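One chain, chain A, links the two complexes that follow: it is found with chain B in the first and with chain C in the second.
Our next item is the complex of A and B:
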């Protein structure tokens, strides 16, 4: 429980830090920290596979891409222009409503009994592998074709046509 | 995995392998001879069509209930493969002329058809979603394939952003349905709803979100905003494929999902679908009147036709009419695919560099200079309106009959009234072709001429003997 509370605080603070920070690189680094904390949450919930995926895919690969793009574009500092002036008060209002609703539900229900604890090995890599190669074999294979198509598509779009070269 | 699994997906497996190999073979084909790639792609489609037809009348469930091979999937897949052949036929000369000829063009069309066929065979919401992405991603790329042209890029990015957005709706819907029923397999969802174990509100919300996602794909109001811009900006050969292929796949998935996964909430959903159908017909037909560009006009016309097909869903609430509604729907898809490919082939014949030759006024004088082409265009316009002797009329007759039998008189009335409105802008094309003076320049390419010629003949001949085609469509039942 103590671990959870400390982690929860870290997660909330990093999430806020990501939103508030005016420097895009700081924002991205806050997001990495946030992803890492969420990964530990998954571990606490007994889902080691998702935890590792969270770290390798999100905190690792995707964040590196984010940082690459930020640094390539060179938009480290955000200018303080807000085109949607009505958006901020509305967002804050909605967030307050959501928090109050959440607290009310938690207090009135007292427990989170409607969430049943899954069996011990549900989230283990072995169980997920078994599922992927038996019941979900077809979606798994189809996804590989999907990724191939996306890759071909990305390459096609980056290579200019002959017509473009001439002009 | 056993033989039945492979057999249930045999055409798809063959076509996937073929398109992957085509990517490699294409590397060894000289840039000036990309026509060979087109021929190879067409050969792959023809082979797959043969395999699909050889499976007629069989029912096989494969891959742990993830996919099914049945009469419905055989029929829809044959139609999809036909659309693929036509898409290659209209693209063959056009992309060469526009300087956007690439071997990948044909591979991407094949991959898109693989996704569409998987969609028609899906029996699980996860497969539906993967198939949806697999058919969409090649379409996004194809829409933007003329990447030195700003309009084509705009079309690609618009289609991609809105498509990704609508894909998100489908995933949310799937998650809600899974949360309510504990399964993503159609049969188990239906069983869970029937026994009353599922939270009805969650199921309804999930079904509504899935409907929104597919509404985007088929261009139903109020999710139609992208259609005119994307249809206008994309290279015309891509638009032709998009108009037919994406619609067929989207509607077949909608029919399959709502007939086999949500039969027990059809009563709740049918009125919603009826209203969407009515709005789609009204908006599509009224907006088409004001269009001066033929591609935009046909885009709005495709929205209107999505509305007509959606009428079939209104009859879903009555279980006795469900099979009739499905066969009327897929019959209309056949009629629309044939007519629309013919129309697009003629549009491509008149299109010139830099998007010129696309105004409806540019068709002036076609009746005198190219009497045959004008006659074919007349047939297509009549078919889109629903005037005899064309396939469009027969398709509408079957649809209206089902709608009237389902006691949706007001919907049938709106359908007839909007058809009358549509007569204005379709017939205007005919009037301009024959009554106005002009010197339209056309391109004659043998495959293009073949496409519009063959489609015109099919539109008329099939309308004279609709019973055999309709019998086939009626036999295309879901198991």
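Our next item is the complex of A and C:
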């Protein structure tokens, strides 16, 4: 319980820090911390496999690429230009509505409580592998094709750029 | 969890960390002496008998050196970066088993910190976190050379992580488990380095690239980048980067020994489980010598060739090794695995040869 509250605080603070900080690199680092706290949440829920995958994939691979792109483009600092005029009040209003809605639901449904820890092999690598390659085989294959198409698309874009430079 | 277990964990972790740090200190000595011997020099031999106190002298010197922080650097990250580099290097050994279960004072003690069912994945994730230290050091220095060094090494580490991960998959397939102790037990009959020789070689190369060791020590290419990501660092902060590199060398050698060279297993291990750490030490010693030998013998390879090797040779090769392993296991014909994998390795060498020849003709 105390662990959960501390983690939740860290998660919220890092998420806010990511939104507020003016420096893109600091934002990315806050996001990494946030991913790490989410991984610890998974550990608390008895799913070490998903926790480790979260760290490897999001913190270890995707965010490194983010940092890479930020540094290569050199857009570290955000300028203080304010070209969002009417969006800001609207966003605040909608956020308030969402929070009120959430609180109302939590109080009215009366299902607030801690989830019991699921059985040991729910998050085990074997169980996940079995599920992925039997019950969810089609979504799994579809995702892999989608990723492949995205990758080919990215490569095609870079090739065209190079030809444009030469001519 | 009772208090005795917590004390056991704390003591084991402290012993492991101390062993790693001593290992780091004496690895610098080992490397300098080894390099010197290969280059027919003498090497450090002044401090203490045969220079054995050299690491302590180095440490004292580095602690008392002036630390300088560039005015334009991003201070917080600049200070954090060396720390972020060192911590994964120490954490990564947590799942490596150093021996079987021994009885100390009527208490069953497992020689290893954590024997979790996703030990291999844990190593993968900690290794992927280690990239941050280098990239942040390069960026926080606010120096173009440091930045280029950092970016280069990130690209290199991400690229070689693929081959590394796929080699892990091969071992997981052979052992039918991600638990490190079970991987060691699965090598009871035959070490995986003999069952899957090409996998062991690919893994060794990929770890060299992950460690930024020669011939893949791009981030420290002095001729092109003055020093790479650590150009602005001095004193103890600079030493921390080296501490990370050498600690990681020891940890990764332990991992290589566990995954491919039978881990803590050796003669008489079943009757005397206390021999485990000794066998690990011997294996780590030999693997470290391989790393030093490679550094002394091969020149640094060019950056585009490095990327070619990672993406066009090692990645397809390790992918085909996974396929070969799976085929051998599925058909229950284990002898197929070494045969087919050596064939795949031969094809990979042919591919390197061909690409080199094409480049020569193009000139």
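In this text, the second predicted complex is superposed on the first by the 126 of 167 C-alpha atoms of A that agree within 3 Å, B and C clash if a C-alpha of one lies under 4 Å from a C-alpha of the other, contacts with A are read in each partner's own complex, and residues count from 1 in each chain.
Quick note on the criterion: contacts are C-beta pairs under 8 Å (C-beta built on N, C-alpha and C of every residue); 3 or more make two chains touch, one makes a residue touch a chain.
Remember, it's a predicted structure, so these values are computed and weren't measured experimentally.
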| item | value |
| --- | --- |
| Which superposed partner A:139 touches (first chain B, second chain C, both, neither) | first |
| Which of chain B and chain C A:87 touches, first, second, both or neither | neither |
| Touched partner set for A:49, first chain B, second chain C, both or neither | second |
| Partner chain in contact with A:71 - chain B first, chain C second, else both or neither | second |
| Partner chain in contact with A:148 - chain B first, chain C second, else both or neither | first |
| First, second, both or neither for A:157, with chain B first and chain C second | first |
| List of chain A residues in touch with chain C within their complex | 25, 29, 32, 48-49, 52-53, 55-56, 59-61, 64-65, 67-68, 71-72, 124-125 |
| In the complex, chain B residues that touch chain A | 1, 9, 16, 20, 23, 31, 62-64, 66-67, 98-102, 104, 107-108, 111, 114-115, 118, 124, 126-127, 130-131, 133-134, 137-138, 140-141, 144-148, 156 |
| Complex interface listing, chain A residues touching chain B | 134-139, 142-143, 145-146, 148-150, 152-153, 155-157, 160-164, 167 |
| Footprint of chain A on chain C - complex, ascending | 74, 77, 116-118, 121-122, 124-125, 127-129, 131-132, 135-136, 139, 147, 150-151, 154-155, 158, 161, 178 |
